[in-house]
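Each of the next two complexes has chain A plus one other chain: chain B in the first, chain C in the second.
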Partner chain A sequence: MNVIDCQKVNKGYRRTNALEDITFQLTDQKITGLIGRNGAGKTTLLKILAGLTKHKSGEVNVFGKNPYNNLLVSANSILVDDQMTFPDSLTLEEILRSAPAFYKKWDTQLAVRLFQYFKLDSKQQHSKLSKGSRATFNMIFGLSTHCELTMFDEPTNGMDEAVRTDFYRALLKDYIAHPRSILISSHHLSEIEHLLEDILLIHKGKVVLHADLDEVKEYAVAIQGPVADVEKWTAGEEVLHSKRVDEQKQYAVFKKNSKLERARLEGANIQMLTASEVCMYMTSESKGGIDDVFK
Partner chain B sequence: MILSNDSSKPIYVQIAEWLENEIIAERFTANEKVYSQYQLAELFNINPATAAKGLTILVEEMTLYKKRGLGMFVAPEAKMMILEKRRNETLTKMVTDIVLEAKRLSVTKAELIQLIHKCEEEIQ
Partner chain C sequence: MMFLSNISLTSVVLSQVKFKLSAYSGLIYSLIILQVLGILFATGWSSSGTSINNISINLNISSIDSGFIFVSLLAISVGNLITTRAYRYDDFSFVATRLSSNIANCIVLLIFSCYAGVTTYFTVYLMRIFLTFNSTNEFVEGPTILDDPMNSLLTILAMIIFLWMFSSLGYIAGTLFQNHKLLFFGALVIIIMLLLTGTWIRISEIIFVENSSLLILVAKTFGIAILIFATSTAISNRLGVRV
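Here is the complex of A and B:
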C-alpha cells in the first residue's frame, strides 16, 4: 500500500516555484531519506505531506486522503522539526502526559525512558529549552507517537555529536520493534545513509532520483586520468561533473556503464563514490565549481 | 566489525562477506542458524532491509538455506563453497589489481613474483 502518493504537485511562494511537478510514491514501512541542498524544497514538501500547508496544484494523498485539514492524517502522522510548538502553560512532563490523548499508539514507556536518558528537566517549559535540548525533546516526542507516518525535518540540527548518534540508534531500534513509514530529511546524507532503505533526492523543487540506497551508490563512478583518455572513456556518456586536476589530468563523474571494465584495464583510475557524493554531483551546477570563483 | 560507508562495496555486500568470514572461521557451522535480518540490523546499526539483502545473496548462492518460519541456516557445504568462490573471484580480481598497479609503477613480472615470495616468507 502507498502511504504517500504525490502526482504533479506544485507549490509556489509569491514569484518563486518551491515545488515543481513532484511525483512519487512511498510504500509502507520503509525509512526513506529526503535529500537535497539548501532551498531544494524539502521543508515545503514535508509541510504539505503533514497537512500544514496547502499545495497549489496536483494531487497529494497520504493514507489515501488529501492531508490538508484532514483529521485522519493528522492523527496518524507527525512532522518533527525545529518549529514545533507546545503550549507554555504546560511543563515538559505535562506535554508528555497529554500526548496519548492525541496519538493512540503513544508509547509512554519509551517516552519516559528516553526523557530520563537524555536528562531533560521535567519541570521546564518547551520554549525555554536550549536549541539542542529542544531538538532532543522534539525527537523523543516524535519517536514516541509511533505514528504510521513519522517525518523528521533536519532532526539533528542543534544536537551535539553524542546525542545525534544516540538518536539515530534509537530511531533504528524503535523502527525494528515497531516498523512504520519514516521520512527523514537531511543535508548530511553520510550521517544517515546506514539507516535508509530508499533515497528521495530533490533539487530545485523537482524529484531528481528516487531509488534504493545501493542503486544510488552504484549510479555513478569517478574516473581520473590523462585528459585525452578521460575524454575517450566518457565520450557519449552522461557526465555529471568534471574538473581539471592539473595540466595533464582530468577528473570526471559519469553514469556507470559497461565500458568501465575496459577503461580499468587500460589503466584508468576508477573510484567508487559514496551515495552522498553521487547526490552531491547530481544536484550541482554543471558548469564549474567553487574553484572557478578563485580563478 | 565496523562497516565502512566509504568503501567501494555496498553495505549489503559487506554484510554477506562478514557472514562468509564467520562461516570460514567456523563461528557458524553447518546446519547452524545464522542471525536474522533484525539481529544483523541491530548488530551493525543498519536498515533491516539492507541486512536482508545481504542474507538474500547468500541464499541465492546456496551458502544459506531458509527454513520457513525458523530462519536461515548454514548449508552443509557452505565453507567449501565460499573458499572455492573466493579463490575464483576475489583472488583473481585482487591479482588483476596488483598486476595493473605493477604495470603503472613499471615493476617487472619477475620483480612482482619475487615480491610475492618475500611476502609469503615474512608471513610464515
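Here is the complex of A and C:
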C-alpha cells in the first residue's frame, strides 16, 4: 500500500519555486533517504507531507488523505526537525509524559531508556538545551511515537560523532522491531547509506531519481584514461561530470551503458561509484569542479 | 500491513486542553498580582462628600471594578499571547490540526476566564478585610453572596463571560496579526473609524446597554465571543507551521 502518493506537487515562496511537479510514491515499511543539495526543497517537501504547510497545486496523499489539516495524518505521522518547539513551562520529563495522550503507539520504555542512555537532564527546559542535545531529544521523541510515517529532517545536525552513530543504530534497531515507513533527509548520504533501502533524490525542486540503493550505485560509472580516449568513449553520452586529472588524463562520470565493455577492452580504467558519489554528480551544477574557480 | 491509529477530534481537543492547562499554569501568578493590585487601587475608587450644617460626610466607595479592569486587560493579552508563533508551533509537535488547536484554545481561555472571574469576584472579601484594618473611617459593608445568592452568581457569570469575550478580542487581534500584518492594521483602522461614527455607538448601546436583565447581556456577550472565535478559526486555517 502507498503511504505517500504525490502527483505534480508544486510549491512556491514569493519569488522562487521550491517544488516543481514532484511526483513519486512511497510504499510502506521502508527506510527512504531524501537526498538533495542545500535548498533542493527537502524541507519544504517534508513540511507539506507532515501537513504543516500547504502546497500550491497538484495532489498530495498521505495514507490516502490530504495531510493539510487532517487529523488521521497528524496522529500517524511526525516530522522531527530542528524547529520543533515545546513549551518552556514544561520540563523534558513532563513533555515525554504528556506524549502518550496524543500518540497512541507511544513507547514509554524506549523513550525512558534512550533518555537515560543519552544522559539528558529530565528537569531541563527544551529551549535551554544545546543544539546537539535538542536534536537528540527531538530524535528520542520522534522515534518513541512509533508513528506509521516517521520523518526526520537533517536529524543529526548538531550531534557529535558518537551520538550520530548511536542514533543511526537506534533507528535501525527500532525499525526492525517496529517496521514502519521512515523518511530521512540528509545531505550526507554516505553517513546514512547503510540504513537505506530507497533513495529519493531531488534537485532544484524536482525529483531526479527514485530507486533502490543498488540501482543508484549502478546508475553511473567513472572512467579514467587518456583525454582523447575518454572523449571517444563518452561521445554522445550524458556526461555527469568530467575533470582533467593531469596534462594527459581525463576523468569522466556518465550513465552506465553498453559501450562500457568496449571501453574496458580498450584499456579504460573503470571505477564503480558509491551511491553518495552518484547523487553528488547527478546534482552538480557544472561539468567542472571547485578547481575551475581557481584557474 | 499498516495499522493506523484512529483518533477523534474530541479526544485530541481534550488532550490539547489538558496539555495547555498544565503548560500555561504560570499565568496564575500574573492573575494574582493583578488582583492584589486591584485591591490596592480599589481604596477610594470613587468618593463624594456633602456637608450639612457643621457635619461633613465623606463617602468613599471601594469596589472590585478596578480589579476587574486589570484582569480584563490580562484576558486580552493572554488571548493575544496564545496566538503567537511559539505557542502555535508547540501544538504541532504533538497531534493537532488548526481546527483542534483553535477549539482547544477557546476552551482553555474559557476555563481561565472561569477561574479569573470567580477569584476576582471573591477578592471583594479580601478587600473588605483589608479596609477594616486599614481604614480610619466608619465601614459599611455591601451585601454578601449569602444575602442575594442568585444575583451574586449571575454577577460572577457575567464577569466570566465578559473576560472570555475580552480574551477573544485579544485572540482575533493576534490571529490577524500572525496571518497578515497589513490585514491587522487595516482592521484596526476600520474599527477605529467605525467607533467614531454614530451608528456604531448606537449598535453597541443596543448590545451592551439596553438590556432588560443581566442574563440577556450575558447571553449576547457569549454569542459575540463565539462569533469572534469562529472568525479567528476561519482566518487561521491557512497559517503555516514552522515556516
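Following the convention adopted for this analysis, the second predicted complex is superposed on the first by the 293 of 295 C-alpha atoms of A that agree within 3 Å, B and C clash if a C-alpha of one lies under 4 Å from a C-alpha of the other, contacts with A are read in each partner's own complex, and residues count from 1 in each chain.
Methods note: contacts are C-beta pairs under 8 Å (C-beta built on N, C-alpha and C of every residue); 3 or more make two chains touch, one makes a residue touch a chain.
Here the structure is a predicted model, which is why all the values come from computation and not from measurement.
Once the two complexes are laid over each other on the shared chain, residue contacts for A:L172 go to chain B alone; chain C is not touched. Residue contacts after overlaying the shared chain place A:H194 against chain B, while chain C stays out of touching range. Residue contacts after overlaying the shared chain place A:T53 against chain C, while chain B stays out of touching range.
Ranking chain B and chain C by residues of chain A touched puts C first. Residue contacts after overlaying the shared chain place A:Y117 against neither chain B nor chain C. Remark: chain A residues 30-31, 168-169, 172-173, 175-176, 190, 193-197, 213-214, 217-218, 264-265, 267, 271-272, 274 touch chain B in the complex.
Chain C contributes residues 2-9, 12, 15, 18-19, 22-26, 86-87, 89-90, 92-100, 237-238, 240-243 to its touches with chain A in the complex. Against chain C, the residues of chain A that register as touching in their complex are 1, 3, 28-29, 47, 51-54, 63, 69-72, 74-76, 81, 83-87, 89-90, 94, 98-99, 101-105, 141, 148. Chain contact summary for the complex, chain B toward chain A: residues 3, 5-8, 10-12, 38, 41-42, 44-50, 53, 100, 103-104.
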